[in-house]
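Next, two complexes with chain A in common: one pairs it with chain B, the other with chain C.
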Partner chain A sequence: MRSRAYPFYFASGALALYLLFYVIPSIMGFYYAFTDWNSYTTEVNFIGLENFRVIFTSGASQNYMHFVRNTIVFTIATILLKTIIALGLAVLLTHGIHRLAYFHRVVMYLPAVLPMLVVSLVFKSILNPATGLLNTTLRSVGLDFMAQRWLVDVAWAMPSVIGVDTWRGVGYIMVILIAGLQAIPREYYEAAAIDGASGWASFRRITLPLLLPVLTVTTVLNLLYGLKVFDIVFVLTNGGPGRATDTVYTAIFDEFSKGRYGVATTLSTLLFLIMIVLGYFVIRLMHRDVEE
Partner chain B sequence: MKQVAILVSLFVLSVLLVAGCTAAQPGAPAAEGGAPAEEGQITLTYMASQGWIKDAELELAKKFEEETGIHIDYQIIPADQYFSVLKTKLNSGEATDIFGGQSGKTDLQVQYDVEKNAVDLSDQEWVSRHDPLSLDMVSLNGKVYGIEIWDTIASNYFIVVYNKNIFAQQGLTAPSTYAEFKDICLALKDAGINPIYEPISDGWHHVLWFPMVGPRFEELNPGLAERLNKNEVKFAETPVMVEAMTQLKELYDLGCFGDNALSDAFADANAKLASGEYAMAVTTLTAPVSIEADYPDTPAQTFGFFPMPLVDNRLAPAHPAGPSKFIYSGSKHIEEAKQYLAFLAAPENLQYLLDNTSEFADLNFSGLTAKWTPEQQEFLDTYPAKSIVYQDAVNYLNPQWMDIGKDMVAMFTGAMTPEEVLVSIDQRRADMAKTANDPAWAQ
Partner chain C sequence: MPMRNVQRVINHLLALAVSLIMFIPVYLVLVNSLKSKAEAAAMGAGLPTVLHWENFATVIEKGKLVTAFGNSVLYAVGATLIGTTVAALAAYVLSRNRTRFNRAIYFFLIMGIAMPTNFVTLMKVMQMTQLINTQIGIILLYSAMSIPFSVFLIYAFIGTLPRELDEAAIIDGCSPIRLFFSVIYPLLTPVLVTAGVLNLLGIWNEFLLPLYYLNSSAYWPMTLAVYNFFGQFQADWSLVSADIVLTILPVIIIYLFAQRFILSGMTAGSVKG
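Presenting the complex of A and B:
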């Protein structure tokens, strides 16, 4: 490691840009979290932990902890759903179905190619309680009791958003897992089959352990994606009904558009800390499993 | 030492590189947004919220281009995102040459900061012909900053439009109290007719129910608006406001707004009224005329009007604030923009706009010929307009319109109580007042 092929200053140009556009703004962001920066005056005053106090002791309409909770619920639910469904599909399309496997993979991956805005607008129409495709279909086959007010019912809005996001994101995770599955040598399965291992046993003893590094990657990707979710919520429900599906980033957007930049920056700082802590622990946890 | 010198010079070079990229901007073509501008032609960009620009105005813009060679590039933004986009553009110094905005003193000062962002138009010729109430709404500290070309009666009075045929079939008449109104809703529901089309999904429409009955609040508590502005009383401490909010919640809970209100959109209101699927909707005096234009089988005289009857309101909602046009102080084409506003305000062009816009029955400029229908005239004669609505009269209320909307949806779905909605309005007023350094909120 000591003998470098190139002198350090070769990296300095990139380093300068990195400092200018990533490190310095981030540090400035931390600073602004402790100020009353807003759109109404040009003055920026240091106000200590006041913004954090606002966030942790907020009232019924601006319940920031509720937004944090929503974000975490969304993140955990989408991680579990996407990983389980994508793993199932990946195994199915690698070891199960061979006819037209590539075609199926493309079809499953397709939603990931669509812009989130398009997906959201399409689903907004599909999930309309009165005129939407989903409820119309359910009613036409006599399943009226299953027709819900998907996006406007407090109880159903979050599950609906999670469902739409899973539909869109599962193909992407599946493709990564397929790549991981194909890297597992076939000999292991042949050896296991000779030893009389069942399909479930070889999945549990071979596939899962060897896929763990890939699963770590997808989990971290899903985690970071889930924590910073914005567009799908913004278009599907705009945080509604009321504020039932507001997440941290829709709240940040809200605060920014109200001109309360200080509070908005505090929220994003807080989310940044949560991301770092959770990301670190997820990687540590899964790496330890690999080493064992 | 040599390494440090190289490092520093590389850093400086990269900064210069970045600076060079931004400095290259002035050479960019003047036309934006794919406008079909010829070379050398001036293009004025104009950003407005959906619904603010009428087709007749687009025609006038074409005529203006023919006369002067100045092209107007309209950028229409969906209503629910408009103010976020506008404020972002104003704050980042990238606003369009002309920008639309809702008038009213709080909006001018707090939302758009017109003293910094807009051009003083006090010396324009049309100022003397502008309706004084409207002119006051686009003025701040004695200077005129905008022009409000709008029908402040027909398009601004949000009142209940009801289907007279349905009412006659059910033996119902226009209510004069809230109790009567509630009975009408229940009777219609029993007869299998949806009482009121209330499009909540847009986020703004259901809010109308509250500040639009401001004249009634004022009638019951003379001087209330002024005391609210002096911070001597709060919304949540005013029983009549709690009562109004509670009644609205009751209407929702009784199912008066139909099953799909949370997903309904205002764009469908005319269709729903025309089809008779709904007996009433909160909309404008000109809605029946627009309905007749779109659905010739449903003549305008099918519909009658009465004010929103919460807390027994019988007053018409005078509402001089409306969509207005401001010239951005950072524009490179201020003179051309003034020229365009003067063109729009020319009497013959105002009359053209009035005659060719079905939603307008009159405009807020002197010397024009109005076109009231007998039903509209009857409403104006029956229900007096004693004072202006609360989004105009009370500071820090209009800018939080969409937030109130969210809170009210939370109230409808049971996440908040009517009192909590009002407390939340008070909280946001205090936040805005403090950041605007309002002395009434100084501790």
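Presenting the complex of A and C:
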């Protein structure tokens, strides 16, 4: 009866597209990871673990572990910055002010709907060492010592990329946290205030513990995003200066454009394995409220 | 209590300061898109002395923006329609008929939310299916990319629709297809708008897939056109700004009209309601 009213072929369109463009390429990745597939010959030879050796040997022509380390630094830094700033802003817009709170929420979320490409291009000009808005502003208020060669200096390039990404992503995390804060019953805060709890005490004893599930979700979302980061690095620095800001995905694109498909697909496949494990936990987390 | 008033003023100033920082880039491209080349060279925050509206005409012509705009609309609308429709159909049967097998399929589909794309082998698939460097190829690709999250959103929403509706329709002799399109589909409007708007914006803003799979500039969407335009005219920030303004204008308009749906869709699944 049920299967007659809800025929399985209804799901076939979604499944076909998903299999063709998601699942099959990922599975093919496992095969091509063991080959010397490249753009120079049509021949594809089995080469065993050679691609993995290239990736895990630090002495190879490209230091792949360096890109992995960059990706991890980027991911951890953006998780921390976005979570802390977004939490502060969410509390400000939920408990700190009431009038205009929705207006501010809409404005602060705006960067998240802008194309990453556009955000990166504009920040390229803002962070220009000589003429950029940031440095000219710093100099005009006498803070010359703070004016850095942001995207050009090896030491400052990664922090700059992290800063721009935080600017762009913090509104998104804030919106989720606001929804979490609004789900906490007001009575808890009222009871705490009657007992004479300070603002800080009720934040630590009520807000943080009750927000923990939502904070877990935002952390995982940031984690998934951070490990896959591409556009912002590609446009802001294209991995430079040198290869100071190259991440796993920009390295994959680089290998791809050099025609070294075997190494590119091996990197992709390794990332796939990590993401699938993480993905399993995300789905578990996101699924809680769907099951009744 | 004056202390509390002081605190409130500080809070408002803080919120205002953050909002200003969030708005700076949009402000910058708006003012610089109307400046002369020399005036916009530093991409400064000052207002233009003379309004150079002709920048927009120049950029539309030089950046081939009419074609690019048409392409972006085609890809975003086409893929959103295909993606949300097939996702709604799948979410519907998987949510209504929760056998072990169907639940496994549901999890399998939403795993895609986390799954990274293997662009290299995907290129192979695009070549084998002869979809590489075609418009239908990029539309199908975007449809596929939107499916996991759309299925997730719609599945949760269908769980809230009473089953009695279906049963009444079945007793009246409704076929499965009619039941879905005339009874269920209209009720899905809110979640379809949310999923649709999120997909539309996501596709409009994306530029990685065209970068990999569309070689012909005639097929490029707005984002790729901007990127290419920037490569050619980096010295001319007034034109680059005008190009950017034209690219983000539709996004900002849609965002302002649909922010309620966007903000709700973004929090769905993250907060236990």
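Throughout what follows, the second predicted complex is superposed on the first by the 247 of 292 C-alpha atoms of A that agree within 3 Å, B and C clash if a C-alpha of one lies under 4 Å from a C-alpha of the other, contacts with A are read in each partner's own complex, and residues count from 1 in each chain.
By definition in this document, contacts are C-beta pairs under 8 Å (C-beta built on N, C-alpha and C of every residue); 3 or more make two chains touch, one makes a residue touch a chain.
Only a predicted model underlies this, so the values are computations on that prediction, with no experimental measurement involved.
**Q** Answer with first, second, both or neither: which of chain B and chain C does A:Leu80 touch in the superposed model?
**A** Neither partner.
**Q** Please indicate which partner A:Tyr109 is in contact with in the superposed arrangement: first for chain B, second for chain C, both, or neither.
**A** Second partner only.
**Q** Taking the superposition on A as described, I'd like to know which of chain B and chain C A:Leu151 touches: first, second, both or neither.
**A** A:Leu151: touches chain B, not chain C.
**Q** Of the two partners chain B and chain C, indicate the one touching more residues belonging to chain A.
**A** C
**Q** Mind working out whether A:Leu117 is in touch with chain B, chain C, both or neither, as first, second, both or neither?
**A** In the superposed model, A:Leu117 contacts chain C only, not chain B.
**Q** State whether A:Val44 touches chain B only (first), chain C only (second), both chains, or neither.
**A** neither
**Q** For A:Ile206, using the defined touch cut-off, is the partner it touches chain B, chain C, both, or neither? Pick first, second, both or neither.
**A** Neither partner.
**Q** Once the shared chain is lined up, is A:Leu20 touching chain B (first), chain C (second), both, or neither of them?
**A** The answer is both, since A:Leu20 touches chain B and chain C.
**Q** Of the two partner chains, chain B (first) and chain C (second), which one does A:Gly240 touch, if any: first, second, both, or neither?
**A** Only chain B; A:Gly240 stays clear of chain C.
**Q** If you stack the two complexes on chain A, which partner ends up touching A:Phe8: first (chain B), second (chain C), both, or neither?
**A** both
**Q** I'd like to check the shared interface: which positions of chain A are touched by both chain B and chain C across the two complexes?
**A** Of chain A, residues 7-8, 13, 17, 20, 128, 253, 256 contact chain B in one complex and chain C in the other.
**Q** Write out the stretch or stretches of chain C touching chain A in their complex.
**A** 8, 11-12, 14-16, 18-19, 21-26, 28-29, 41-45, 83, 85-87, 89-90, 92-94, 96-97, 102, 105, 107, 109-122, 124-125, 129, 140-141, 143-145, 147-148, 151-152, 155-156, 159, 166, 170, 176, 179-180, 201, 204-208, 212, 223, 226-227, 230, 237, 240, 244, 247-248, 251-252, 255-256, 259, 262-263, 266-267, 269-273
**Q** Using the touch definition from the top, list the residues of chain B that touch chain A in their complex.
**A** 3, 6-7, 10-11, 13-15, 18, 80, 83-84, 87-88, 91, 110, 113, 201, 203, 259-260, 262-263, 403, 406-407, 409-416, 420-421, 423-424, 427, 431-432, 435-437
**Q** Give the list of chain A residues in touch with chain C in this complex.
**A** Listed in rising order, the residues of chain A that touch chain C are 2-8, 10-11, 13-15, 17-18, 20-22, 24-26, 28-29, 32, 89, 92-93, 96-97, 100-101, 103-111, 113-119, 121-123, 125-126, 128, 131-133, 136, 167, 171-172, 175-176, 179-180, 183, 213-214, 217-218, 221, 224, 227-228, 230-231, 235, 249, 252-253, 256, 261, 264-265, 268-269, 271-272, 275-276, 278-280, 282-283, 286, 288-290, 292.
**Q** Which of the residues in chain A come into contact with chain B in the complex?
**A** 7-9, 12-13, 16-17, 20, 36, 38-41, 59-62, 128-130, 149, 151-154, 238-244, 253, 256-260
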